[in-house]
């Protein structure tokens, strides 16, 4: 549920860089960015005064959240925004406290903040895929012309070029990388809808406010999408496909590194508390676990598409439980795949022929 | 497992048009198309003689499969191709029987046949999405300016335009339709790899054979992708997103058609064996069931990305069990959504205000 | 969706005996048994006359369903019962046609019929588990004292007794077999509730009618459980655990039968269309596919526990889509495991030491 | 994956009491208990000296883990035990450091520690189910005789007793509570197998050591079950069934509390940042989210039954990612259900009639 304090498991299956960008701290920072941009855009549109926007900006700069109060608000309201807005209004004080969050609803803040967070995460993942691609390139240069036994239906078949094995890992990722970028760019749209999504709470200035917020946050402008979760689930779907391909890499490496097969050697592996002679293909195993975990999660996230009415507490909470784990699994998988690929050697040429 | 004889359930949750294109009969036809195209392409490349290709073409035209023998072969070999090739070679007879399936492997036939089948299915789905879009358009024209109560977190919030509700169903489908087409086109690549995927069994003519087969079958030419299932799973993912959006439509309609809410009326609904006064929102309920079914299946299909080695019997069989159901769910969902949308009326303007 | 006509896949991953018991034909027979028992029990309770019950019994004996009309009814009503009851009332004719289905609702018929079907299936599965257990016993007798290499984290570790490997397959199944029986017996309760589940439609005789129906059908008597799907999902859960254990058997056999490992030999295996020297571990691969398929399905079935209100069309339809596949997967898995275990030989003693 | 620092989400969907028992800190404490019990049991069996066992016990009492080093070990070895054993041996020092973990393997420590943790958790869950049952009892006493509208297929049907609605929530939980206890008791077996599970590393004293460890830890004695995960998954399955039933409670409450239905009132609900007049049924929504999350996770956990060979790094890691979340979801669900049930009032008698 996100709150499990398991740093040891995180050291194996997590990813500190991605984790930091998905943390409550990062979320809160993004929420404050939204509130600041909203105030500016509303001042520009004439919905609130420029002095109000300035006071709000100042208060955000100096803001120190009362986390315990936020947690209480979250437990009570199902969203953290009412408590956060109360704190922020208090920080702004008279006369402009009431101008904070003007016309907006919790979902505007939460979804836009998520877009900011994912907008910071996907370029990291994109860059990791590029690095990983170069790792595969290096493998092909070094080992590509060696022969390695092909295995069909888990039986030795005939030797093929090691390059063919490597291509089976590399090509799908090379295909998925631009798809991920495309999905991310399509997704990164500001969320400004007001309580029921029709921007009526912005007194006729909704479109201008949305455009102003989008411009300030570096998000695309677009219609309110509060109940249209297809782009978000579609983005997660790309991540899950990547995790699945990395899972195949893991499965292949584990099989090729078996003692009896020994088609590849791993530079590093895990030790055993009881059998020091063993080198366990830890990263490759974890890639499989992350792929299957992500597979289950993407199934669950597809259930969250059934987002009933104009805001579904049930489907939205389900999304919160699942989506960050899919992002983390992809991030951790890329980290581990890089480590794995950096240490792979194919056995001597001729061995498998 | 595909063999359950449940025509009654099919009448509710199935789709006869899509079913026919996914049937064993359709698969076998596509497989024979592949074998014919292969023989022609191989004759062109000089791998077999033109007379052999002509005899094979003639035999395919006249071919009547021995289904019982195919089923036995499937049970024994895990794929139907060895038995089919034996039958087809027998049908061709001397002297060219041995030229059937020259250099190819079971997966070449099966995957290429699947591409042919999906290549016939997606335009149907695309056309249905277009029809459905017009259905939403009609709804907007007729009811879009009426007010309807927005419900956030399952509580009545404020009235919005009915057009906003309809847009929440229509817009995601309008977005997903071109994505589905794009995914389909990217996926529809011929599979020609030979036993271990490197086309070495075609004696240096593999690329020419692949190009020749692709041209004849109307598929794209490309590298062997036997272990790279990302495009296939990606296509299924688009279908599952569509099913999920249709599930939201179903959930919304069920909620709006509740006796106590009555924001929409349904032209037709199911009868009850005990309570004749009731009109059950059957199609809308089934849309939810199909969406959740598809969500689970897409999770399972992501597991099939872990296609180990150069051919995984386990992952491939899993794909066979799951993928057709995802296609069927999307097809049936579109059928039911069309029926549903055709019969929706929003309650009188002013009611919800 | 149950309607896919794929007999070839069924030959590999299906089970004809279980399939027959899950077919629409079997369902309809069970439904007619229910209607007959209901009439008798209601006659006994004085709700309808004895002559009516006799006429109904006679009509059921001679009844030939109009399948096309039933399919239309299913598509319209979401359940087949209204159409079936109309047909049956017509068959009974005057003056007692109206006494058919007196006070009952569709769910009474459908759920009770499902109990009859599952009540016929579980003893078959139980018997198969017993036969499978004897297969493991034979393996232990023949090979148990041989040494075989243990593999931890996919690396050769140290030799152990083959008996230890076999016990890892046998013991969980021996544990799950009585649990399955216990779950089945707890589940097999008659469903008699009437339209809203409180038996009020039986004019004060509901408990007597339920008891009478239960006695006649060989089901346990008990409260109406129409929205309480925990026993049904719990039973399916036991099946999925069994499929999972069989999946481990499949995974182990595939790994031990690898060309390079050769710890076990398989008496029979699948042929390849291109590589006649290969023997593919087909049954073991399919066991893994069925296990992962069942795993996904049981996740989906758990979603169907959210059976809202006094009857959820959405959750119930989802149950229909998923539950029979879980039963089939377990049945087919047992069939394949028996075939597999009957043909396993461990390599010569001493080899692995 | 477990490392996400999201205390705000935890405040809504988590459970502090269960979280503490699943934390790395609790795990480490349980691991040290195991190592202490192992040393004592081995001293009793004569495998190590009594002085060694005493020194180990003293070192454990005073032990302060180097968490950073443990995390490094986890990342390297895929399990934390090698690093922990090194630290503990260092803490014991000469001459008995080498007697720590004598003959055991990582899995013995990890699985036995998990049993200790789950052995502390299930009685809490059992007690919560008892309290929840009393909550339902109170509801029945207070409102049971009122009439409330039954809804079948999301349409108002006929009024029933509120007691019938409450029974649909209460009865399955009353049934699942003893099943959970039974499953827990069957599962709580010590894990002592040594590197390959056959206890050969204990020089003939393996059974005695296992019995001695079991007795000291309050676990049942039994055979090594390192690859037999059926009892563990079976226990999780019971939890998921409970979460599913709580999900139905949540779904029903949300529906009955709709503004237009108003069959029940909630004492407390969440506030909206934009619409102060609304009371959102937060706890009921979260119950649905947790149920669907758990449903997906139980599907994934069933995949972990495919625990290949004598120890599967991939399947085991998958188990670690998933199982604690299932436990947490059940715990949090019970917490929220109690809160929800404590605040439900059914509308005035007569209203729904």
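In order of appearance the chains are A, B, C and D, and numbering begins at 1 in each one.
Here, a residue touches a chain if its C-beta (ideal position, glycine included) is under 8 Å from a C-beta of that chain, and two chains touch if they have at least 3 such contacts.
Remember, predicted model here, so these are calculated numbers, not experimental data.
Novice: Any chance you could check whether B-D or A-D wins on number of contacting C-beta pairs?
Specialist: A-D
Novice: Quick one: point me to the chain whose Cα centre is farthest from that of chain D.
Specialist: Ranked by distance of C-alpha centres from chain D, the top chain is B.
Novice: Chain A to chain D: how many Å between their CA centres?
Specialist: The computed centroid separation for chain A versus chain D comes out at 27 Å.
Novice: Using the average of all C-alpha atoms in each chain as its centre, how far is it in Å between chain B and chain D?
Specialist: 39
Novice: If a residue has to touch 2 or more other chains to count, which residues of chain A qualify?
Specialist: 78, 151-154, 157-158, 195, 250-251, 254-255, 270, 272, 275, 280-282, 285, 288, 292, 295-297, 299-300, 303, 312-313
Novice: Given the complex with chain A, which residues does chain D contribute to the contact?
Specialist: That would be residues 1-16, 19, 22-25, 27, 67, 70-72, 74-82, 85, 101, 103-106, 109, 194-195, 201, 250-251, 254, 268, 270-275, 280-282, 285-286, 288-290, 292-293, 295-297, 299-300, 303-304, 312-315, 317-318, 320-322, 324-325, 328-329, 332 of chain D.
Novice: Where on chain C does chain D make contact in their complex?
Specialist: Where chain C meets chain D, its residues are 78, 150-154, 157-158, 160-161, 164-165, 167-168, 171-172, 175-176, 179, 195-198, 200, 223, 225, 227-228, 230-231, 233-234, 237, 240-241, 243-245, 247-248, 250-252, 255, 288, 291-292, 294-300, 302-303, 305-313.
Novice: List the residues on chain B that touch chain D in their complex, please.
Specialist: The contact residues of chain B facing chain D are 151-158, 254-255, 257-261, 270, 272, 275, 278-282, 285, 296, 299, 303.
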